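In what follows, chain A forms one complex with chain B and a second complex with chain C.
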Partner chain A sequence: MLDLAININDISKSFDGLTALDHITMQVPYGCVCGLVGPNGAGKSTLIKICMDILRPDHGEVELLGENPRWKNRVRERVGYVSDIPGMYPNFKCEEMFQLGSKLYPHWDSERCRDLSSAFEIPATRSVHALSRGMKVRMALVMALAIRPRLLLLDEPTAGLDPLFRREFLQVVMDEVAGNGTTVFYSTHNLADLERAADYVGCLNNGRLLFHHPLDEMKGSLHRVQMMVDDEQVLMIQNRLPDILDAQRNGRLYSITIEGNWPEIEAVLNNLGSFYPEKVNLSLEEAFVSLMRKDGYNFKLPLHSERNDECFKEVAP
Partner chain B sequence: MWFDIDPSLSMPIYQQLVHGVKEAVARGVLVAGDRIPTVRELASHIMINPNTIAKAYQRLEQEGIIVTMRSRGSFIAENLPASSREEGRQAIAGLLDKVMIEAFHRGVDAEEIKSLVQERLKKWEQERGSR
Partner chain C sequence: MNELAIYRGLFWKEWKDNGRLFGLGFILIAWQNLFYPIFHWLLTRNGTSSASTYFREWALNLRVIMNPGDFGTGPMVSMGIIMAIAFGVLLLSHERSSSLEFLVSTPVSRKEIIVGKFLAGASALFGIMLIHTTLVLAALFIGPAVPVSRLEVAQWSVFITVAWICLFSLSLLVSTLCRNFAVAGIATLMFMSLPGIAGQFACQIATHFFDPAGKAALKIYNVMNYLQPWGLFTGQGIPRKADSVDAGSSFYIMVGSGGELSNVKPLFDGYYPYQIAALLIVTLLFLSLAIWLFNRNPLERKGDLLMFGNFKQVAIIFVTFLIAWVRALDSASTLLAFVGYFILYFAAIYILFILFTRFIALFRIREWLSR
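And then the complex of A and B:
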């Protein structure tokens, strides 16, 4: 069994009778980057806050670095946390926040703190409340890395920030993973960044964990296939391939998103007659939409252009 | 550059990196003894998970395309292995199928394809010869 940096065991949490997390179990091995995705309100922040012991779960428990963070300070001092709205003392100057950090965290690395804050051009003598949101996130990242973390918990850290900073952020975090083997658990809506950065992807929807897989494995097991068909062939395909996530038809062109082993799927399609199945590219974003749709996420939007069903025929999988 | 990858493609990133190095070697852009970046250098440069890059390097090492020397980094191997002949033929045949589909839709006939292949081969040999 792999050594686990994060072991989330059967966590449930509700707020005023509303279920925010419903028996979540997931594990992240040391040295891995795990991305957490899901629509707004899916429970991502709640899960990360429970890991940080900012919120208490109703049920289940979390182990970080092999121990329960609720009882062990020696765990917390090795866990860096960055959220989209970092909590810091507003009346402290930046340099005072760093001094506080150096006194609270026994593994504080002053040199790393100095290098990063000069690279990010953090204004040492300005008060935290006078910083822009982007600068606050930079501050929080410097502090999270200066503690010599073994684990980083990042809660939508770059949401709403400019692409240049997103790039910087990702470069610094990837360097941290490569240089120190730090484990990273982060929630994001940016699937393009996730495709670059993550080993594992976990997806939450309505408080449930839809899936949690290695990214390469996920890419290898989800396929989009286009082919030429008639009505009879559509029925045959649906009968023979039960794992279709979603399907669209435009005239004779039929496009399916499907989970499974590609050679087997290809063999089934070829056996059903010749209609030239061709595999087309499927990005993580499209895969995500298909998986959410299968889970019942409602995409019926009141758009201005009325949808012509002849052109976009959605076929129930 | 050989490490310009596109994360949104269905092909896993580590495979894109393996392919990128192979292509650069085939084109003569990377030659025996050339140093390639360390995992850490490349991870922050192209913002890709270092575990993914390490996986690509491992694969390249297993295939004998690069050699890693502790503390000095990774280099293109001196004696490049010839890949299995049948495997190579299949890969090329698959690519040619794509060419023929495109040719059909663009109204390019068989004779034109043949002469194009000849022309490209000649150009390729000239370019490689001049390195």
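And then the complex of A and C:
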């Protein structure tokens, strides 16, 4: 059995009767990067906050580095946390925040903190309330890394920030993973970043965990195929391949996203006739959208003009 | 990291974050006793008053400065009460508004957060009184003889400090249940009035059913009144030897009016140290309860367990209780009948209230549907 950095066991949480998390179970092994994706309100932040014992679950329990943070709060000595809007002491200067970190964390590395804050150009004598959101995120990351973490929990830290900073942020986190074997649990909407960095990916929707797999395994099980077909053949394909997640049709060009074993799918398609199926690359974003649609997520803009309705018309699979 | 190091870090953090509040507290509490005389002396030192004559005036007025006031206790003590409540309320609500999530994500337990806040607030109150007492004692040493002994000043200081810290722990406890500082402040004042309200109810029962002359009611009222902050500090509720000074007793709290010293007997007459011990036990009780509630109350509710989550329900029960109480007291002639009437009235009025709120809700739904 793999050693687990995070062991989430049957977690449920509701807010005033509204279910935010519904019996979530997932494990993250040591030393890997696990991305958590899902639409807004899916429960990603709630799950990460429960991991940090900021929120308490209604049911189930979480172990970080083999300990339940609720009963062993000292386990957080080795867990760095960066949230989307880092809460800090507004009256403190940046250097005072670092001083506080050094007083609360036993493994605080002052030299590393100095190096990182100089690399991130954090103004030591400026008050926290005068910092921009991006600068606060940088500060939170410096603090999270200065504790010499074995686990980093990042809750959409780069949401709404510029691409340069996002790249810089990701690079620092990846260096940490490569250099120190730190485990990273990372919630984000940016699937391109995740595709570059993640070993595992989990997807939440409406408080339910849709999947949680190694990224390669997940991408290996989803395929995008394009072929030339007529109406009759579309029906045949739909009857023989029930695992189609998403389908688009543009004239005779029929494009499907399908889940399953590729040789078997290819064999079925070849048996149905000469469609000249061509497998094309499927990005993580496309895979994510297809899986979300399969789960019933189907956001549509409230359109009023007929012309616009026509533009957004979809071909049902 | 050991617990002591964590507490040291939290203590440092609280002082860094709330140092200005504590400083303001010191200025407001010690204003009349320390700063005003100093400013006055500075302003008049080149005039007709010499330093020694000024000291004499100040020393003679010391008891006036420290004790009497329109509310039964002196401005310094009154300001101390206000600041003790403000410290308890602001320390937690300020944290809730900005940085509690950060603090909870560090390797600090919720117990340590509350204890850290308690230590910071209590040390501030203790420090304020220590500076004040040291300066007053120094003034008494070098100043002229006044009818206040150094022992009395020291005892008074200890008692007032412990009582302030007790109130501070109460407001910290109430703050664990409330969302923001305004609600926490109001709720603390309500909690502080509870002994007085309970006393009033008990007095009504005693006078109505057992002792129409009101002697028993007066005793109950005195004790309950003493348990309220003003009564606690002034000994208002306790029978006193009016306008007399018992010079032989060192166990009196310095109160009075017009500069007179009254021998106001504390709850346990002659056992002043026990009174301090009782206050310390109550403080520990409040602190333990605050830790337990802060640990239990989900953080996402921002402490609205009592004040927001069930506010309507609490308000309905409170109003129902008052109406049922008055109606039952008017109707009953014996205690047993009173209990019966009270239960009946309470149930009936409560059901009426619930039906009324349901009717209002239904009306709103219809209005919404008709849009």
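One rule holds for everything that comes next: the second predicted complex is superposed on the first by the 300 of 317 C-alpha atoms of A that agree within 3 Å, B and C clash if a C-alpha of one lies under 4 Å from a C-alpha of the other, contacts with A are read in each partner's own complex, and residues count from 1 in each chain.
Assume contacts are C-beta pairs under 8 Å (C-beta built on N, C-alpha and C of every residue); 3 or more make two chains touch, one makes a residue touch a chain.
The model shown is predicted, which means the values in this text are computed figures rather than measured ones.
*Asks:* After superposition on the shared chain, which partner residues are touched by A:Pro106: those of chain B (first), chain C (second), both, or neither?
*Replies:* second
*Asks:* Does the superposition put A:Met88 against chain B (first), chain C (second), both, or neither?
*Replies:* Only chain C; A:Met88 stays clear of chain B.
*Asks:* For A:Gly66, decide between first (touching chain B), second (touching chain C), both and neither.
*Replies:* Neither partner.
*Asks:* Tell me which partner A:Lys219 touches in the superposition: chain B (first), chain C (second), both or neither.
*Replies:* Only chain B is touched by A:Lys219; chain C is not.
*Asks:* So, A:Cys32: does it touch chain B (first), chain C (second), both, or neither?
*Replies:* first
*Asks:* Have a look at where A:Glu96 lands relative to chain B and chain C in the superposition and call it first, second, both or neither.
*Replies:* second
*Asks:* Considering only the defined contacts, which chain A positions touch chain C in the complex?
*Replies:* Residue positions touching the partner: 15, 49, 52-56, 73-77, 81, 83, 86-92, 96, 100, 103-106.
*Asks:* If we count contacts the way the header does, which residues on chain C are in touch with chain A in the complex?
*Replies:* 1, 5-6, 8-10, 12-13, 16-17, 98-102, 104-109, 298-300
*Asks:* Mind listing the chain B positions that touch chain A in their complex?
*Replies:* It is residues 7-14, 39-40, 43-52 of chain B that touch chain A.
*Asks:* So in the complex, the part of chain A that touches chain B is made up of which residues?
*Replies:* Listed in rising order, the residues are 31-33, 167, 170-172, 174-175, 177-179, 192-193, 195-199, 215-216, 219-220, 223-224, 279, 281-285.
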